[in-house]
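Next, two complexes with chain A in common: one pairs it with chain B, the other with chain C.
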Partner chain A sequence: MAVEGHRPSPIGRGMSTVIRTVVQGVWLGWKVESNWTNPFVFLTYLIAKPIAGVILVGLVFVIGSSASGMGSREDLFFYVFIGAVFFIYPATMTVSLAYLVHEDRAKYESLKHIYITPASLTPYIVGRGMASAINASVSVAVSLIIGSIIFSNHFSLPLSIDVVRVDYPALVASILLGVAASILLGIILYAINLITFKLQYSLAEYTTGVLFLLSGVVFPTSMLPYPASLIGGALPTTHFLNAVREALAGDHAYTSMAYLLLSTLALAVISLACMNRVESLARMKGTIDRKAEY
Partner chain B sequence: MYAVETIDLSRVFELKGRRILALDGINIRIGKGEILGLLGANGAGKTTLVKILSTLLLPTSGSAYIHGHDVVRDAKYVRGIINLVSGGETPGYGMLTVRENLWLFSQLYGLSSGIARERIEMLIRDMGLEQYRDVRMHRLSTGYRQRLNLARGFINDPKVLFLDEPTLGLDVINAKHMRRYIRDWVDADGEERTILLTTHYLAEAEEVCDKIAIIYRGRIVAYETPLALKASLSDGVSIQVELLSNRTTKGSIVEEISSRDGVLACMLVPSQNVVEQGDHGGNARYDGSIDGLTRLRIMLDDDSKIPDLVSMLVMNGYRVLSVRRDQPTLEDVYMRYVGSMGNEES
Partner chain C sequence: MVMGDLMLNLKAVYARAYVRLKGLLREPHWSIAEVTIPLLSLSAYVYMYTMLGAPSEYMAFVVVGGAMLAFWSNVLWGMSAQLYWEKETGTLTYYLLAPASRMAILLGMAAGGALNTTLRSLSILMVGTLLFPVEYNIVEPVALLIVFLLTVTALYGMGMLFASLFLLYGREATHIADLLQEPIYLFSGIYYPVLSNQILPYAVRLVASIIPLTFGIDAIRLLLIMGKGMGDIMLHIVGLSLLIIVLIPLAYIALRRMEDTSKRHGRLTLRWQ
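So, the complex of A and B:
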């Protein structure tokens, strides 16, 4: 039986299936991740945890800087605080996409059924990543506001953001690119977890740990030892955080944004190739519907 | 063109240096409008075959076609016209309602919203899920989740539907309903609809299937209509013997009888209780006995062997309560081809 009464051109049809799959992914991700049946747990996860993380980073800064007496305290605080807040995007999204394999495969037993639909996995993952980005945005906004209030009132560290000077178009564009880069990183983790079983939980933790060190969250990548600084410079997360800082400060953000765009494109090539390879590898190894190592 | 065709399909698993030949040169052809029952013991390769045909797993060699389309090269097309339901599983998202779960899949299959809504309502009605339409899945009982799972299998109105032990874990009534439903579903459009169903239950295969394939250690050892399979046994006689004994080693009597001249096969008949358990998905133990009562099903090449057999049993200390001649059943076919109902994994 023909599924639809009239058939649009194959390209239009292909495109619309991809978009529809993304939309389903977003919708499902929102439903699954925003656990309103247990609002307390959900709000803790969405708000309290990221704020705690940001405050921790801030406090380390306060202690560290008072000991070493470095340059302008405000500027450094701005660097660290914004870095920690916006790092919530890659951290949240890579973790949720890395866990997604295990959730769909073992917990909901739905992965094999999603896999055997004509829809591809990649747009589905992209949709799930976008849902995660919505949650991350809430965490970022709340951390930004509450964190800055706490630090300016209790540690006399005002966040020097002049709302009039902020380059909003650059900020929005940087966030969109940062979200895209985070999804692409998440796809790589998804791909690895799809063909393995040992790293279901740990992979995301390791990755966010390494990203935290290499992306210039609390100190510029130039301060890293040689090969690490090179890797840091190639990561879109580094340029994402720089671009956001510059846009917020009203500085010229376009160099960072250009780097962000380039590194995101490179990452897109890598992660789509990964996914492509892994989809057939998983089918060969039979890992799509297996719940554990055989 | 066949609905499903496999040519020398094989699949090898490498497991810790061991090679497991899960499928060994499978050749089957399922015509449109047919229900094929794939019958085999644990580990025989049923699920492996279903996984290859439903594009979840690649074969090691050989090829498989769904409506003429290669499951490996043309997977995208194949996926649009197949679906898969695995019994005993309840896939879906607990926080979504019954309708939302079905909606999700309707969209992944690219159904337009009008058709999707219509079909979802129809399936909800067919599966008796009306009062759970807007109930979140995590609040449904396992049986109702399985109905939802079955409904999902029909969401794209597949041309070929794979059912891997679909009645696993269902109670007797629900299992019966399901068999009736799938038979009616195929018959409603025999030009377009085909089912491959795997099962451990001979009665299930006999009840709904047009053809039966017996799979044993990755090979198809018999492939016929239920009638033809039974007819293939017409050269022998089947008898059912009821014994009473205090002996506890049931295995030895089966072996003893099996090794006798003229005995084609012998097995313990599971008692009613045991069969019920099996229907509920528990591990049926085919020890065939309650309180010392043993039921044996024996196939002989000739009925002149019956008296000898009975006297042998009596001499071994058994009390023979009854001996009954039976029509050959599929059970006999299975015994004949496979030898025992034991676990095949070595």
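So, the complex of A and C:
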């Protein structure tokens, strides 16, 4: 028998629904992304792809610096290698969220069922983004360890990270902000896909391609021509990678973190406004349950 | 009778290739994306070589590699994963019911994809050449044409083999295709020379040489950028020819086996595996 005084307030009920939806999103995301095969193959998939990408960037560095006669430039290698490793976060998460509408609407035909639940779509997307962030964290950790062993042992390029000097609070805060920024970017891509069809693959690839070029992943944004350098300077991914590099080097990371926070807040305003506008538009256009790809 | 079969299969090749070419016009934004997206990553690597002060031919290596990347993407997504997509969209059954040979259908897919991708690859090469200070030094254009045709044939032979193998798969198909991207970029030397590179261990170069793209890109770079001739790429021609001789019959055998296995396991019409 319920007692009036023990019932949660409407705000409390709302929060509980949001948290439950995020948790369900994480659980569902984990299941969808991992249960297509056995754990061993899934782990190989989770590790092999990002490691190959990181080693490729490292080899371009080794071959390019050897061809130029530059010799061993450990500072530049640190910049390039850490950029490539931590770029796994935005790359994995934006691709995963960009495909989400297609998966739910056309492939599994579940979007309409998710939409009519009491929770809104946004916490669900956040949950799916967080599942992807967990997978990305495994890829980042393994790539960092294996990549540094390979380049240190075979190419005499040790990664100049002093575990005592690392600013761990700044590193953790930067990663959390970077993950938040990637989820917010993913919400924008989700919104675009909700009212369009057949764009999911190109949109995901465009986004990761633009981020890879403009975020200072493998070269500083100052090398880009104007106004590309200006756009690069406004992207949260640029400040995320700079903050992570500075935190790992034990340098002052708080200026980059402040820029990261500001650009993430701006992205939050844009993505939530975008999602609100698009949801009503999608209902008007009837795109929530319309199948076009199958 | 033999003539009739031949005509029927040629019609099937044409019909499947036609869909590929028609698709180029049906979804023009895909064609634009397939030229623009490789240019984004290609540009990042050109800037990286610039930052490192590498000689200008390295930028040309990246542009040529980026252009050839279009073929690998098409082989993976347009060939290897295609029969899986056909199964998901429900059209695989019609191919199997048709009186034409399965190999004719795969050949049509390959021919249409190769033609389609050649246009995209040339566009990437042209835009990349306009954007960056890239110089070419072609001494033997005929050798370049021969090596290009051999590369494309070997690549699509590999695509036909993968398409057969992927017939068995469900959701694994897209993940495996996805998994074959970065590692192949790494080994085939999309952004750097592999076969002539003494920095890379011998074992890596040996593994890389079973990928048609490695021989193809290396030979095309030698002929297009380094001013080499036929005599300098004989090893590449032999390697590519051997790959063709092995891959295409293997694709034929794999297709028969996989179709038979899929029928016995009831997987040909199964979705959402």
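Just so we're on the same page, the second predicted complex is superposed on the first by the 275 of 294 C-alpha atoms of A that agree within 3 Å, B and C clash if a C-alpha of one lies under 4 Å from a C-alpha of the other, contacts with A are read in each partner's own complex, and residues count from 1 in each chain.
Following the convention adopted for this analysis, a contact is a pair of C-beta atoms (placed from the backbone, for glycine too) under 8 Å apart; a residue touches a chain by one contact, two chains touch by 3 or more.
Values in this document were obtained by computation on a predicted structure and should not be read as measured data.
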Review point. Who contacts more of chain A, chain B or chain C?
Key: C
Exercise for review: Considering only the touch criterion stated at the top, classify A:K31 as touching first (chain B), second (chain C), both, or neither.
Suggested key: first
Review point. Looking at the overlay, what does A:Y115 touch: chain B (first), chain C (second), both, or neither?
Key: first
Check your understanding: Counting only touches as set out at the top, which of chain B and chain C does A:Y45 meet: first, second, both, neither?
Key -> second
Exercise for review: Return first, second, both or neither, reflecting whether A:T21 touches chain B, chain C, both chains, or no partner chain.
Suggested key: first
Check your understanding: Which partner does A:M284 reach: the first (chain B), the second (chain C), both, or neither?
Key -> first
Check your understanding: Of the partners chain B and chain C, which touch A:V60 in the superposed model: first, second, both, neither?
Key -> second
Review point. Which partner does A:P227 contact after superposing on A: first (chain B), second (chain C), both, neither?
Key: neither
Review point. On chain A, what residues does chain B touch that chain C touches as well?
Key: 37, 108, 294
Exercise for review: Using the touch definition up top, name the residues of chain B that touch chain A in the complex.
Suggested key: 13, 15, 51, 54-58, 76, 79-80, 82-84, 89-96, 100, 104-105, 107-112, 115, 152, 156-157, 192
Exercise for review: In the complex, go through chain A and note every residue touching chain C.
Suggested key: 36-37, 41, 44-45, 48-50, 52-53, 55-57, 59-68, 70, 76, 80, 107-108, 154-155, 198-199, 201-202, 205-206, 209-210, 212-213, 217-220, 223-224, 293-294
Exercise for review: Write out the stretch or stretches of chain C touching chain A in their complex.
Suggested key: 27, 29-30, 33, 36-37, 40-41, 43-45, 47-55, 58, 88-90, 170-172, 175, 178-179, 181-183, 185-186, 191-193, 197, 199-201, 272
Exercise for review: Could you pull out which chain A residues touch chain B in their complex?
Suggested key: 1, 3-5, 13, 17, 20-21, 23-24, 27-28, 31-32, 35, 37, 108-110, 112-119, 124, 280, 283-284, 286, 288-289, 294
